[in-house]
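Shown next, in structure tokens, is the structure this report addresses.
Going in written order, the chains are labelled A, B, C, D, E and F, and every chain counts its residues from 1.
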Amino acid sequence: MMTVSRNKLTKKDITNMSLLSAVLQLGFNYERMQAMGFCFTMAPYFKKIYGDNTEEVAAAMTNNIDFINTEMHMATFLNGLILSLEEAGEDRELIRNIKNGLFGPLAGLGDAIFWFTLLPISAAIAVSLNKQGSILGPIVYMVIHFFGAISRVPLGHLGYNLGTNAIDLIRDNATAITKAAGVLGVMVVGALIPSYVNFSFPETFVIFDVVPVQGIFDTILPNMLPLGFVLFLHYLIKNKNVNAVQLIFGIIVVSIILSFFGIM
Amino acid sequence: MMTVSRNKLTKKDITNMSLLSAVLQLGFNYERMQAMGFCFTMAPYFKKIYGDNTEEVAAAMTNNIDFINTEMHMATFLNGLILSLEEAGEDRELIRNIKNGLFGPLAGLGDAIFWFTLLPISAAIAVSLNKQGSILGPIVYMVIHFFGAISRVPLGHLGYNLGTNAIDLIRDNATAITKAAGVLGVMVVGALIPSYVNFSFPETFVIFDVVPVQGIFDTILPNMLPLGFVLFLHYLIKNKNVNAVQLIFGIIVVSIILSFFGIM
Amino acid sequence: MMTVSRNKLTKKDITNMSLLSAVLQLGFNYERMQAMGFCFTMAPYFKKIYGDNTEEVAAAMTNNIDFINTEMHMATFLNGLILSLEEAGEDRELIRNIKNGLFGPLAGLGDAIFWFTLLPISAAIAVSLNKQGSILGPIVYMVIHFFGAISRVPLGHLGYNLGTNAIDLIRDNATAITKAAGVLGVMVVGALIPSYVNFSFPETFVIFDVVPVQGIFDTILPNMLPLGFVLFLHYLIKNKNVNAVQLIFGIIVVSIILSFFGIM
Amino acid sequence: MEITLVQGLLLALVAFIGSLDQQMEVFLIFRPIIVCFFSGIVLGDVQLGLSSGAVAELAYLGLLTIGGTVPPNPLIAGIMTTVIAYTSGVSAEAALGLSLPFALLGQWIGMILSTLYSGLMKFADDICARGDVAALGRLIALAAFGKALVSAVVIFLSAYLIQEPITVLVSQFPEWLIHGFRVAGNLLPGVGLALLLKVMLKVDNVAYLFIGFIIATYVEMGNVLPIAIIAVCITFLSYINSKDRQAYDVGGVDDDGI
Amino acid sequence: MEITLVQGLLLALVAFIGSLDQQMEVFLIFRPIIVCFFSGIVLGDVQLGLSSGAVAELAYLGLLTIGGTVPPNPLIAGIMTTVIAYTSGVSAEAALGLSLPFALLGQWIGMILSTLYSGLMKFADDICARGDVAALGRLIALAAFGKALVSAVVIFLSAYLIQEPITVLVSQFPEWLIHGFRVAGNLLPGVGLALLLKVMLKVDNVAYLFIGFIIATYVEMGNVLPIAIIAVCITFLSYINSKDRQAYDVGGVDDDGI
Amino acid sequence: MEITLVQGLLLALVAFIGSLDQQMEVFLIFRPIIVCFFSGIVLGDVQLGLSSGAVAELAYLGLLTIGGTVPPNPLIAGIMTTVIAYTSGVSAEAALGLSLPFALLGQWIGMILSTLYSGLMKFADDICARGDVAALGRLIALAAFGKALVSAVVIFLSAYLIQEPITVLVSQFPEWLIHGFRVAGNLLPGVGLALLLKVMLKVDNVAYLFIGFIIATYVEMGNVLPIAIIAVCITFLSYINSKDRQAYDVGGVDDDGI
């Protein structure tokens, strides 16, 4: 393998590869999950590196058609990293080990940032705009996620430039960032509860003939019912292993029953 | 003492003992403070342990009729602890040392939690409900303190189950919990000041013929007078050793004088 | 020098010296900055120390007519320190070294406290009172800075009493205090932005014929324009080396242009 | 308004039960907010019970029994505030001021009894030496019953028997004097808060006093619960944080992640 | 109101494009807030698109695809919420409840396809062994196209073909049933939030849940952005703080100053 | 409105006294908020003095003399803002913009004088060599008097002598130009704040900028004092905390308790 000649990738190549990496989940399946998209993202650049040496291209591709499942933006980072290693002629076994060691932690990190932080915040902003009847809601949402989408370009470059240094970097910061994203996400969820979960009894639901039940709760702590409701659902999910579909059905059934008796 | 036969206490015994421990301060007096109640709480269970062996019962009781003064819930904890030691046949001298070493720190801890935290918070909630003319005020107050009262049951079990481990546990956490309760209590007191201390000058008290004095204070910082008043009282108490009765009399006298001159 | 006789300075002397130190910047010039005022503040007390021994007075004065530039209150502290050293008959070379080593750090500390913290806060309070049309604004401002001014008296005493211990004290606390003042100042500046920078588009400036531009910004985050504006100016100052005069001119020119086109 | 004999006896009952709880400090129904409420029910004016309870509870918030000290008696203060407001028609704030002599009376009686009860320890020692559990039970029951009875009698006398002279006295007070008592009633909660601060305020936590104050001043909240929640959160975070620090110093937390 | 053929086809187009994005998770235009908006445009009722988008987005906020799991399909839920509200005239909240069967249908189809697609790996391996880049591209394009087409067909059938029976069914629902679905629609966002909490909530950060809740309850804010900003600030501060600590422990930060 | 000779002289007096304080930076009565107030009194329009003081103070908030630098002169800016608003009848914001040339003039004169005064050091050295305390006193008194006199003259000329041409000039400005100056006056405080940030803003504390901003945006407060109090509290807590940490690292704080 030592005598293989390699072409250099340009900055533009890495940018294009990063854009291409959007295909990651095309062809997603339960056997190898994102294997096809992950491999195809890099394939044109393997070809660029090895030129007409189809044998090497095939070897590099085969090395990357294994099972992989990670977060989309982090995949781009990993693609950049692998291309830099491939270009440097690193041992393919090593490359595969690095890939297999990193995709899990990277998934956690990426999910924390994109799914658990960016998504609820952008949704919250957009929903509040929607509720005011403004078309800014969807527009702002698309703009935010447009930037989310193209953030894969610097991530791809980062992976490429760091090369093997990437491994230490991830080890040092993954916990801190995941933790930080947790704080952010949890606080936003807390803030969403009063605005978006609409759990209240109608004026007409009274006890002792005159005392409206909702008034009692509002006197003690406004929005305590939505809060309690979410915490109760969380308890069911976490401790009773109830799944989302069961919850949704349950809520619909209970809602209809409460509606029938005029309680809600 | 080695050959003494001992009966086992059941979970139910500990629960009953914890409930009985409410008598702690009956018979309170300046010579030995809570000695009678503390001893009587455990006496029936000494009897259960030793059966007809009245001598041992008497010895155990006599060992616990010393001076003691601690917080009520913490006393229950201590009762549980002592019963477990008695049941295990520990040396009575040791038991007495443990009791004498722990009741002070436990008093600090318990006072911080129950008197300085739970009481003002529950009072604040209840008072605000009262002020809205709702009978929920006293009801909520009683409910809160009902749970406060029965919290002695788990505390009794905790003491019994920990046995000698209790000593380390207390040493490790007393400071932290006392500190935490301090933060909580102080912040709540700060929040109570604007709502509950009503220190303001009437509209009719003006300077320069037209400028209402109260308006000046409100412009700079609303409620600064109540805040300053409480801090001033605190200063008198802390640095000038003025006691509560003196303060109360002083306030009444000064209020009447200010009222006479139409300043307040 | 050993045989020189020295008179003791009294507490009153230090107080008077501290008051006199207000002259620090009289005679300010680019060659030696505060040299004259700094020297003159201590000169009468050199005279008191050495009595008729004009030679020593001259030597002490000459030792303090060097370049110096520090914050005004900190200068008083330094004056106190130098007087204590002079009185103790310390070597003049040492005194000069101490002075030269301390005036820089002390300037940073003093600027952080007085210029960057006390000034904006007092200005903010006073401006808000002014805007309500109340003459309390200037009065409160003057009262605050009166206390700021006389705070040099305890600082002078502090310097005098600490003597050489001052050096360690400064080393230990300068960073912490500067940092703390930074937090305070920055948070206040953040709070000032919405109230005092008035950057908004008129109702009449609409896009799509009906949507008022200002409304869009207000829906997303009220006052985001003032915030963005200040951050942009900060960027120009910090990263583009634009100076204040250029900014002021630029703002005036752009404002006139925007006004001409009816955009603002 | 006048208090009837039945009402007087019922108030004494409230005082009796309240005193038992006050000795035990178990359900805290001896606190003004509760005894005022029941006094209001007895007197047929629940709203008065609520308002006097609010006023008296705050005034006696910091007047606690910490360390076995005996403060002006909140149980008696609570009942008498309601009673005086009812009979004399003054506001709850003014009645609170006027109830003070009774609260002090309660305090002194309490101190006397706790001194006298020291004599019981001789019997207690004997009982323990005999291992006679039941006898010890009887002894403390008697002691408790004694203290409770005294409270009941004090209330019956103060609320029923001498109501006439009190009412007459108060009716002759000039307006500024009544108003002065009302002003004092508004200020008295400050004493309770200051006494709480005496024990709790440290250099460490003084900042939280101001934070709580500022939030309550500028954010409209119905009661103090949200601030208590925030305080619990802050407390918990700093607890977590200090545990982390300890763990870290000992050597290597944060090993999760990768 | 009735959906025309052209509208039905356009909705299918929205589903087709949405499905491609859903597979790639790139622009997030498959999320209800966007597809509802476009569905609203197609149906000529933008406001309906906005309101149904708001309702559906929140309900499906926590129903994410983490770890390759397939949740009830938000793309289909979004479009069908808008469609049912439009055709049956019920509120967006009620329509959200009624769209659930379709979302579940979408989930099941997705799971089946991802199972079937496992068969493609055989071809992929061969292609890699040949080093044939273009062929791999064609394979994944085909796979993506297949999934997208299925979504389009599902939407065309559900929104256009069977609109009649759905409308008839819904029109026979009694008022309390419709109201029940509306109540459910109001509550469903709680599921999303609870699912988010499942992953994010730790002992470490539970305090922030309550802090966020209290702020949002008591301070009037148009949207959640200011709280997000505060949260970022807190996060950043504690990050800085922990870095400081580390640096300090290692030996001597804070050398600046003097 | 016109400025009379007496008013012109009194304004010069304000400038004279202000300049002495500006040199000493002792009572800060040279700041716009004070000199505008006194100018307003001199001109018989206190409200104008208050409003122009508010506007000018903020604009010059960050234009400080740190490190001996000379900024556009706030003393002259303050007086002239009041004067121009008074004579030309424009708003305080517009007047602030129009006062800028005078503030710059003041800045340049200040720089020239500080350069010239370097020549005084020769005399100062001689005086010190003689140990002549009184002579040094006379020298700096003279220097201070000189700078103050120049300020007084500048103000007298600008405010009294050339008021006519200024008024004529301003009266010919079209509406959009005056409005443009007003807009600029509204924006200028941003410069002061940005300059403050230049010195104070660090990676460490940037979060507090946003926290302060968010609080001030969403919580209605009359002035910035409550936020300053909160900031002091936070600062103090982190100071305490870092001391704790230090103590802990050194070995064993927290020995109290038990």
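Heads up, the rule we're going with is that contacts are C-beta pairs under 8 Å (C-beta built on N, C-alpha and C of every residue); 3 or more make two chains touch, one makes a residue touch a chain.
Just so you know, these numbers come straight off a predicted model, no measurement behind them.
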item	value
Least step count from subunit B to subunit C, where 1 means the two chains touch	1
Intersection of the contact lists for subunit A and subunit E	C, D
Identity of the chain that, by mean CA position, is farthest from subunit B	F
Higher-contact pair (C-beta pairs counted), A-C versus B-F	B-F
Proportion of interface numbers common to subunit D and subunit E (over half same, under half different)	different
Reference interface A-E: repeating pair among B-F, C-F or C-E with over half of contacts shared	C-F
Centre distance in Å when subunit A and subunit D are each reduced to the mean of their C-alpha atoms	55
Whole-Å separation of chain centres (CA-atom averages), subunit B against subunit E	51
Rounded Å distance between subunit B and subunit D, as computed from the means of their C-alpha atoms	12
Junction residues of subunit B - those touching two or more other chains	125, 129, 134, 219-222
Touching two or more other chains - residues of subunit F	204, 206, 208, 210-211, 214, 217-219, 222-223, 225-226, 230, 232, 234, 236, 245, 249
All chain pairs that touch each other	A-B, A-C, A-D, A-E, B-C, B-D, B-F, C-E, C-F, D-E, D-F, E-F
Subunit E contact footprint on subunit F (complex, rising order)	203-204, 206-208, 210-211, 214, 217-219, 245, 249
Contacting residues of subunit F [partner subunit D, same complex]	219-221, 226, 229-230, 232-234, 236-237, 240, 245, 248-249
Residues of subunit E that touch subunit A when the two form their complex	23-29, 31, 33-34, 37, 46-47, 50-51, 53-54, 57-58, 61-64, 66-68, 71-72, 97, 100, 104, 114-121, 124-125, 127-131, 133, 136-137, 139-141, 143-144, 176-177, 179-181, 183-184, 186-191, 193-202, 204-206, 208-218, 222-225, 227-228, 230-232, 234-236, 238-239, 242
Contact footprint of subunit A on subunit D as seen in their complex	222-223, 225-226, 254, 256-258
Subunit E-facing residues of subunit C, complex	105, 170-171, 174-175, 178, 219-222
